[in-house]
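Chain nomenclature is as follows: A, B, C and D, assigned in order of appearance, with residue numbering initiated at 1 for each chain independently.
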Amino acid sequence: MNKLLDERLVRKIKPINLLILDVDGVLTDGRIIIDDLGNETKNFDVRDGHGIRLLTGYGIDVILLTGRSSKVVDHRAKDLGIKEVYQSAYNKIEVFEEILRKRNISSDNVAYVGDDIVDIPVFNRAGFSVAVADAAVYAKKAANYVTVKRGGRGAVREVCEMILDVQGKWPEIASKYGLKISG
Amino acid sequence: MNKLLDERLVRKIKPINLLILDVDGVLTDGRIIIDDLGNETKNFDVRDGHGIRLLTGYGIDVILLTGRSSKVVDHRAKDLGIKEVYQSAYNKIEVFEEILRKRNISSDNVAYVGDDIVDIPVFNRAGFSVAVADAAVYAKKAANYVTVKRGGRGAVREVCEMILDVQGKWPEIASKYGLKISG
Amino acid sequence: MNKLLDERLVRKIKPINLLILDVDGVLTDGRIIIDDLGNETKNFDVRDGHGIRLLTGYGIDVILLTGRSSKVVDHRAKDLGIKEVYQSAYNKIEVFEEILRKRNISSDNVAYVGDDIVDIPVFNRAGFSVAVADAAVYAKKAANYVTVKRGGRGAVREVCEMILDVQGKWPEIASKYGLKISG
Amino acid sequence: MNKLLDERLVRKIKPINLLILDVDGVLTDGRIIIDDLGNETKNFDVRDGHGIRLLTGYGIDVILLTGRSSKVVDHRAKDLGIKEVYQSAYNKIEVFEEILRKRNISSDNVAYVGDDIVDIPVFNRAGFSVAVADAAVYAKKAANYVTVKRGGRGAVREVCEMILDVQGKWPEIASKYGLKISG
């Protein structure tokens, strides 16, 4: 790691203790996959999943927040140990405010990753707002950070690693896996 | 938005109140996905879906028109609130003319998005004809506009936003989602 | 169309009246898609399918020849009107020779599209041998022609159009669909 | 083949008689594909499969070693004639050491292909360690070799061919398939 992040981003990432993720286009590649029976399938990413597990292992909670609804999301959440999932959230900012109240935390402690126009109200409120590389252009303009990786193809992993890096967890992870950190 | 569209395109898009979409290669990525049981699956796009909902929210109808036939299309249409779906349309231009008669509208009011040679007769008749970025080369030559995005990967969203933009709906959408429109 | 094909290729394509296609990596994108139940799925391409129908509509037969075996292939063959399908063909050149004998035709009349080392013996025998754009490098070296498009993403369509073009069918197709042929 | 491999790699590849492969992101494209019923699907690659069969045909064993668990992996292993599969291997290096002991072989005889941080302890131990082209950046830094092809899209095939080439099997394969070796 040891990426050069500008100071403004570092200040935003330092206090984060909750990561809220949109699902379609962020944790997946945005494909809505449907078969003849109406059964829905989603494409997640193995390395995104490992990033989430690393993050939650260091005490940062992860919540899923999506405007659509499908059982797939519950299956993947369970697989990743994510216990809080909000589906059919037609008004994301309302659910976002509800989460803040319930946890009694400030928006400064929350990072949010999205990809579309409906995410912008949450971008404008979250302490650290992130758009994936292939997000809608105005979502990218509205976010604090745009990932190098695309949604469902490493974007979430990238955000997890940024948080772990800024919060000083990376040397411990690197040492655990026998990884040499270059100067 | 506020893309620079040439005047000819603006004149074509202004009167559009109906958007007709081919399915495979336009609303999907063109993959025909079949399993051992003969069950068919299609890859749609979450942001295309949101574009369609934005468009129909402003009173512009959306119709699906495809030469193939599969139950998947009905499932996705229902999901998007699309009520008119024409499948097994071996002769698309005939169905197109039938739609005009039934609605008593001019072809000037209809936009059509396609990707292949069978779409060209409809391109030659629709008020505003669009080929997706990865359409067959002669389909691209025959269309009024070629999208930047590929079929099933944002092409339909792009067309929805063009229509909303030219018809002056974008400032309202932008304001609804707290989006700043740059100069 | 009217692509500039060198004379050697034109001489090879002129006598073709049978097109034999490998399946995985040629008619599909090479993905072997398996689920928990062992059910197999394949990704075909809508425009490849239309190319095959155009070709067979002009009396050129299409045969599928694959070393693997799955029911998916039969479903897609039926969908495309392909009646001759050879699966589990561990020795492709033997099946190829059998096809020639049964039909009493010369190898000069047969085009073959493949993507891997097992296809090379057939490449060395077919009148017109084609490797897809993403074929193994030695398959590409051994073929008469390498498509611009990838397997399962337009390669077969490209071959169908080349054959129709060289054999003088394109003006009729273009006229049927209201397509203007440039230059 | 006859690629120019540097001498250090050649010395590492020469003694290899066992190839251990991670699954997600190496033998697949890293997509974790889940449907409404919780059924899991994986995308493998037809040419990777043929590479594995070529390799095992020359007496080099292949083992799958993955931290996740799904029945799909057993189906694909069976399809490829792979008899040893380790799933739910939360600590890969432990399983790796166990494999060495059971077979009474040196780590110098084992090649390992991975894509993520959890693979690095095994990279540091294996005789020949390979990261796929789209592996995590620190996995690529830690490996002896980084493939040109991506995981689930030819990376495993590339490794199989390197081993066969360095161990002098390629001329026989080339001759079997009527392949001319240049230069």
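As a working rule, contacts are C-beta pairs under 8 Å (C-beta built on N, C-alpha and C of every residue); 3 or more make two chains touch, one makes a residue touch a chain.
Please read these numbers as outputs of a predicted model, since none were measured by experiment.
A.B. asks: Same or different: do the copies subunit A and subunit B touch each other through matching residue numbers, with over half of them shared?
C.D. replies: different
A.B. asks: Could you work out which chain's C-alpha centre is the most distant one from the centre of subunit B?
C.D. replies: Farthest by centroid: D.
A.B. asks: Nearest 5 degrees is plenty: how much rotation brings the CA atoms of subunit B onto those of subunit C?
C.D. replies: 90
A.B. asks: Take the average of all CA coordinates in subunit A, do the same for subunit B, and state the distance between these two points in whole angstrom.
C.D. replies: Computed from C-alpha means, the inter-chain centre distance equals 31 Å.
A.B. asks: Per the centroid of Cα atoms for each chain, what is the distance between subunit B and subunit D, given in Å?
C.D. replies: Chain centres of subunit B and subunit D, defined by C-alpha means, are spaced 44 Å apart.
A.B. asks: Find every residue in subunit D that makes contact with two or more other chains and list them.
C.D. replies: In subunit D, residues 41 touch at least two other chains, as defined above.
A.B. asks: Going by the touch rule set out above, what shape does the chain contact graph take here: line, ring, star, complete or other?
C.D. replies: Looks like a ring, each chain touching just two neighbours.
A.B. asks: Give the pairs of chains that touch; include all such pairs.
C.D. replies: According to the stated criterion, the contacting chain pairs are A-B, A-D, B-C, C-D.
A.B. asks: Going by the contact rule at the top, pick out the subunit A residues touching subunit D in the complex.
C.D. replies: 29, 39-47, 49-50, 70-72, 75-76, 79, 152-153, 157, 173-174, 177-180, 182
A.B. asks: Contact residues on subunit D for subunit A in the complex?
C.D. replies: My answer: residues 24-25, 30-38, 41, 68, 115-118, 120-121, 124, 136, 138, 141-142.
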